[in-house]
């Protein structure tokens, strides 16, 4: 099964993996990536962050990413869940699951999905640090470079 | 936390991830690899397989792999669980969890651990296919090549 | 008087905050491109000028170049580089 | 009569099945190497000859080259290439 979800609610890695893999008989390798809100940003304590998204486009972009991954690797299942709203350190942000008969396909597809997601999926983070006001996170050159290596 | 386990019992991906990540405050990225018994081998139905291991050396090799990974990537936590005994299609075989502030470190370390595990950890699979007797699985040239790329 | 099309334009993140609204209905001459939209926005919302080179465009929920010609009925969106994941 | 050391030697997978036992205590001359152990095993368990090039050695639970000199008290193990994961 291939699916994407954009939601405010938390996700359950085990249950969502299991649902995604249900009825997939040929799977030998399952890779998951779980992105979590970090407690610090450049050595400063993070109080909270808010994830804004473009409803509709977010789902569409995530679906397009999964489709692109399926053209590149022999995947049996794939799942992307991305949260929005107010999040705190330790909270889940994103879950990517890829399943394949071949472990390298599962690994590469998961890394590809995360790299592309970072520069293509319409989400924006606003951070609140302990000692300064809220600010929008800037895009990172390393994320752009990571996207380019799949071109 | 860094730990390895070699056990006959099944594992619980969610609980074992959570235990491994407990008290790790700085984590931003968690990658898991879950290897599962496949229902077919080269188009033939697999009835069951038995995983034999070298007690003591198995744990020691897995610990050495984790240590090696820690010298190569900035990891905050790592876990390897490998099962032995009689397994059936769909059963869990191996779980690798890596956690880091940086997603590429977590991805690469997990893939490295699986590649090295396949050629260094003392486990041996004996398969029973539907239409033939039990046989020991041969090592695969692609696994050796996958190990070499980290040298 | 020039013929115009009216477009729904959505704003996100600091573009939304600089505009002070979530969305606009904006009339542009028939044949206008994304660049015409951008020029219009910088005029109406001068706060965007500071980081005009960061602005990105989506047309009908897909990323698009500013040089793309707009079509009546397009859903347009303007936002900064994405930072999800 | 040559001085010898006695070694515990463990077998795994089809090496174990070919030997018909899980382990042996084997006496080898002082100064013997892994190669001497291998020659001994092929002699005692001729079924191993068919795939002698596949045999691997561990000394004290670490992978080792057959050319390694053995030390009194070493735990030795002989097995095929590993296939876990």
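Labels A, B, C and D are assigned to the chains in the order they are written; within every chain, residues are numbered from 1.
By definition in this document, a residue touches a chain if its C-beta (ideal position, glycine included) is under 8 Å from a C-beta of that chain, and two chains touch if they have at least 3 such contacts.
Please read all numbers here as calculations on a predicted model, not as lab measurements.
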item	value
Steps needed, at fewest, to go from subunit B to subunit C via touching chains	2
Centroid distance [mean C-alpha coordinates] between subunit C and subunit A, Å	26
Inter-chain centre distance, subunit C versus subunit D - centres from mean C-alpha coordinates, in Å	73
Gap in Å, rounded to a whole number, between the CA centres of subunit B and subunit A	23
Two or more partner chains touched - positions in subunit A	35, 114
Sites on subunit D at which at least two other chains make contact	none
Contact pairs between chains, per stated definition	A-B, A-C, B-D
Complex contact set, residues of subunit D against subunit B	10, 12-14, 16, 58, 61-63, 77, 79-85
Residue ranges of subunit A in contact with subunit C within the complex	35, 51-54, 56-57, 60-61, 82, 93-94, 114, 117-126, 136-139, 143
Residues of subunit A that touch subunit B when the two form their complex	12-14, 17, 25-40, 89, 101, 103-104, 106-107, 110-111, 114, 146
